[in-house]
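The next part holds the structures, each set out as structure tokens.
Each of the next two complexes has chain A plus one more chain, namely chain B in the first and chain C in the second.
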Partner chain A sequence: MQRRAHPALIAFAVLTFLFLIGPLVIIVGAALSDTSYLTFPPQGLTLHWFQNVFEISAFKRTMITSFQLAVGGTALSMAIGIPAAYAMARYRIELPRFLGNVFVLPILVPEIVLGFSLMKSVAVGSGVPIMGALLLGHALLVLPYCVRVVGASLNSFDFSIEEAAVSLGCPRWKAFFTVVLPNVKPGIIAGFILAFITSLNDVSISIFLTGPGVSTLPIQLLAHMEQFFDPTIASVSVLLMFVTVAVMAIVERTLGLTFLTK
Partner chain B sequence: MSPRLQAWLLAIPATLLVAVFLGLPVLSTFATTIGTDGSPLSNYSAYFESRFRMTVLWRTMEVALITTLVSVAVGFPTAWIVAKSPGRLKSILIIAAVFPLLTGVVVRSFAWLVILGRNGILNEFLQKVGLTAEPLSMLYTQGSVIIAMIYLFVPLMILTLVGVLEGIPEDLTDAAASLGATPASTFRQVVLPMAVPGLIVGAVLVFTGSFTSYATPQLLGGERQMMMGTFLYQRAMVTFDWVGASTIAVIMVVVTLATVIAMSRLARRMNPVAG
Partner chain C sequence: MTVSLDLSDVTAHYGNTKVLEDLSLHVAEGELVSLLGASGCGKTTTLRLVAGFLEPTSGRIKLGETDLTRLPAHSRDIGLVFQTYALFPHLSVRDNVAFGLKQRGEGRAARQRKADEMIERVGLAGFADRFQANLSGGQRQRVALARALVIEPRLLMFDEPLSNLDAKLRVDMRVEIRRLQQINGTTALYVTHDQEEAFSISDRVAIMNAGRIMQLDTPEVLYSRPANLFVADFVGFENVIPMRAVAEAGDAVRAEIEGGGMIDLPKQHYTVPAQEFVLASRPEGLLVDTADRTDGLPAKLGLRTYLGRAYQYQCDTTAGPVKANGPLGTPREEGEIVTLIPQPEQCCLLPREAK
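Moving on, here comes the complex of A and B:
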């Protein structure tokens, strides 16, 4: 087919990809510029702005909070999402059909509505500490990823292997940990890492649940942008792009990036 | 232990998390909007009678609709080229689409702040080539919000469509061509009908995503281009009008659900396989 693709169509696709990648290249250039304002192409090269990121304590602090939250929220979500996905795949007939939709409900409720509702009912209404409310919000945010990606792996798992282990005398819980889990490990790793980056980048939920004392990196970035317009933000953005690259490398190694087109 | 009980025991923690920390809080938001004086829907009639609030709603609809249409127009041909590319090139193109998708919305919106700002790259360029003497103010306009939104959602559209377009067997398009169909009519009569389900999924994701977005309208639209997301935040966290904020939240949920339901009905009706 590729030999029959119209040249105009190819040119169009090239322009689209320039449009997609160009702005990110501009950020990288701006982060390296030896000027106190954002510019592209960079004038003089420096890593000063990267150093600056680690000198601003608000960035350091929120970076740590964001990582803790992304790991904690995803771990919580996986801890309850894996059993749920397993139950859905293994005992499909025993569970009501709507239950599968319950776990992806967070997709249907706009994030910003969830953030606002959590703030109103859980943080203010029930006095749950900010960090706890953030953790719950992020666990809910990533639950659909956990259940779906792990579920996709479980659906292609042959449960007769598990049955074989059990009929040979292996306790059920042990069969789960030594037979089922190792077989769906790629799905768990990919699900974890996709959930991690989703949580790390979240704005709409965190914006309602951060306040004096507790904030996340994206929220801190938004606040910083409203006051300063120097290349420090571009540098933080570049650091976040490195995280994206790492995430993509892990997804490619486990399920393959084409998984994301399915 | 019966298998049914086992299944429930495994599914209960996740079900509880969703029910208690998503279901209840969102229901409480719904309950907050029930009017105490007179009609239970008084908060909604107040919303729909207010000129300013309706402007925000219509603006959000308009931005989301334009974003969706442009994302389809840009994403579809691009996805077609990606789907028909040979192996290695295809992987590179998919990486080029996934990378922006996994990069945060703040970073991607910030890029447009740098490009469109008063002292931004585009103004600098326009002044250098002499197209304008004074820097243009492009930020905080509907156009700037729409451009950044399109930038945000085109990768999602491409990736959704690549999967669908790859699934169209080449035999089909070859058969159409060998029976004398022109490329245009092959596209219209073979490719397009089979791509409709993917187009609908992509359009729903883009429309609901842009309708409920917060960071992009906040950064590129500001107060002047208030959208439902930024309006909700402003009511909740700046003026502490929780009833007003809840009303906005419910309208957002209703629009999202209505879009999903209407479009999945449409998808079922237009599915060539289901007939």
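Moving on, here comes the complex of A and C:
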């Protein structure tokens, strides 16, 4: 016997789905509209606005900056985050318990507060160049993802394996690279991707740290919108969305999305 | 070249907790010694100290002429087999086994050849290209064994290597471990909580409790001549009957049983260790007989259970409850008054200890 879902339940599920997917449909539609202002449903179809994105040099420039930041910030964050996650997993008993929560703080503190305090302390306070401040800010922003996701992998790692390598004549530092890292690689890749996307889409930290001549794509998007209310904005959004979806698709294909929700 | 392992006066702490106290242990060349005890007795701590994963607070550890005490773990030349197998999941069986050879700078061809030989020797020919995920528990432990043996270490150590295997496999694997250990005559230290396992394959066994070795001897001596009450209880001397020597009675010592009653202990079988002592026995060490004998303990029979080779009785004596066995031919009833005759080969006299 098959149980049938209550019609109201189905209706509720459909509404939720529409609520989630609706804005995405609207933005794609708006990006294709053959008008000089944002509108939905699209009137006429054109790819002109996508072309426009690559013709406006500010978009091109900030897009490169955004990718540089996402790669650099995540790499920097991993360089700090992996050893931290390792220490917390390896010496779980010896280390104070609150330490794990410290690494989630950048998520818990409202990003706008984080951005503001970074501007005060790093960008203005110590005269670090804009790109450097942005790099630090983004590294801090994505650190929780790196520590948490890599940490989840390390927590299920049997450290006897590392000891086995040491007993077979492998120095500890070398055992970390030859035995530990290869076995938490899925966690590192997943953490990297999650952090990459977070950095790429960030507004609230970047808005405080960008300055003359240096901006990121989402910030440029805001600036553009204040002057021109044309479908270029929608096109940039669609492009960002596609990058995100593509990256997620790679994760799903290689590791499975369930990995991120662990 | 076989060497001996020597621990002298080793003390170790976890934080402020003392887990080993002045432990000394000598494992002779080519000998297999087991550390046996309940969890928390310090046996794994001892192994980890020798492996170099922990540092002792004081004392020395020597392997042959090499002082291991402050030597980094990776320079100790010890083959280690873990309870969780600890295979490298990202490497094939062959690369797992060859790992130690690679660390020793052996060429690719040589280490592949040696690895394949060892894989064959542990009975895994044809499995060299598999990964851990495609091996059973027993096969994994064989790989772990091969990996530890192939580097021809000066010392082999086993940390509960069979605990994750099922009962039948455990028996096969321990024979295998003993066989492989004896091929090269490698000195070995074996940690387990399983008495049968330790006794069956060890040259000598150290029974441990609360960070000390209670007795270190051959399984045969431990089994029949425990040196103290802890070891006696550990090897199954369940009955502990306190008594006190009072007189000589010909070629026997007459003793007064606590709570009343006398017993004559023949000198040819028993040496009384002190005036106040206990008689410890296994259930089969007390044989139920008729009430008219003077060389036994008076007792009243309680519940009878059938063991296949004998009956076992819960008995009440003046010194408290004990378990005794009786022959199958003559089942006795609850409430009968009998004498329990100690069987010298299943009993021993030990000094009393402050509880």
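Following the convention adopted for this analysis, the second predicted complex is superposed on the first by the 251 of 262 C-alpha atoms of A that agree within 3 Å, B and C clash if a C-alpha of one lies under 4 Å from a C-alpha of the other, contacts with A are read in each partner's own complex, and residues count from 1 in each chain.
As a convention for this text, a contact is a pair of C-beta atoms (placed from the backbone, for glycine too) under 8 Å apart; a residue touches a chain by one contact, two chains touch by 3 or more.
Given the structure is predicted, the values throughout are model-derived calculations rather than measurements.
When both complexes are overlaid on chain A, the residue A:N183 reaches chain C alone and has no touch with chain B. Residue contacts after overlaying the shared chain place A:L20 against chain B, while chain C stays out of touching range.
Once the two structures are overlaid, the count of chain A residues touched is higher for B than for its counterpart among chain B and chain C.
When the two structures are aligned on the shared chain, A:A246 is found in touch with neither chain B nor chain C. In the superposed model, A:G169 lies in contact with chain C only, and not with chain B. In the superposed model, A:L140 lies in contact with chain B only, and not with chain C.
Applying the stated contact rule after C-alpha superposition, one finds that A:I64 touches neither chain B nor chain C.
Of the two partner chains placed around the shared chain by superposition, neither chain B nor chain C is touched by A:L47. Across the complex, chain B meets chain A through its residues 3-4, 6-8, 10-11, 13-15, 17-19, 21-26, 28-29, 32, 74-75, 77-78, 80-82, 84-86, 91, 93-108, 110-115, 117, 119-121, 124, 151, 154-155, 158-160, 162-163, 166, 170, 173, 183, 208, 211-215, 218-219, 229, 232-233, 236-237, 242, 245-246, 249, 252-253, 256-257, 260.
On chain A, the positions that touch chain B within their shared complex are 1-2, 4-6, 9-10, 12-13, 16-17, 19-21, 23-24, 26-27, 30, 37-40, 79-81, 83-84, 86-88, 90-91, 94-95, 99, 102-103, 105-106, 108-114, 116-122, 125, 136-137, 139-140, 143, 147, 197, 200-201, 203-204, 207-208, 218, 221-222, 225, 229, 233-234, 237, 240-241, 244-245, 247-248, 257-258, 260-262.
Across the complex, chain C is touched by residues 158, 160-161, 163-172, 175, 179, 182-183 of chain A. Taken in their complex, chain C has these residues touching chain A: 51-53, 72-80, 82-84, 86-90, 99-100, 103-104, 144, 147-148, 151.
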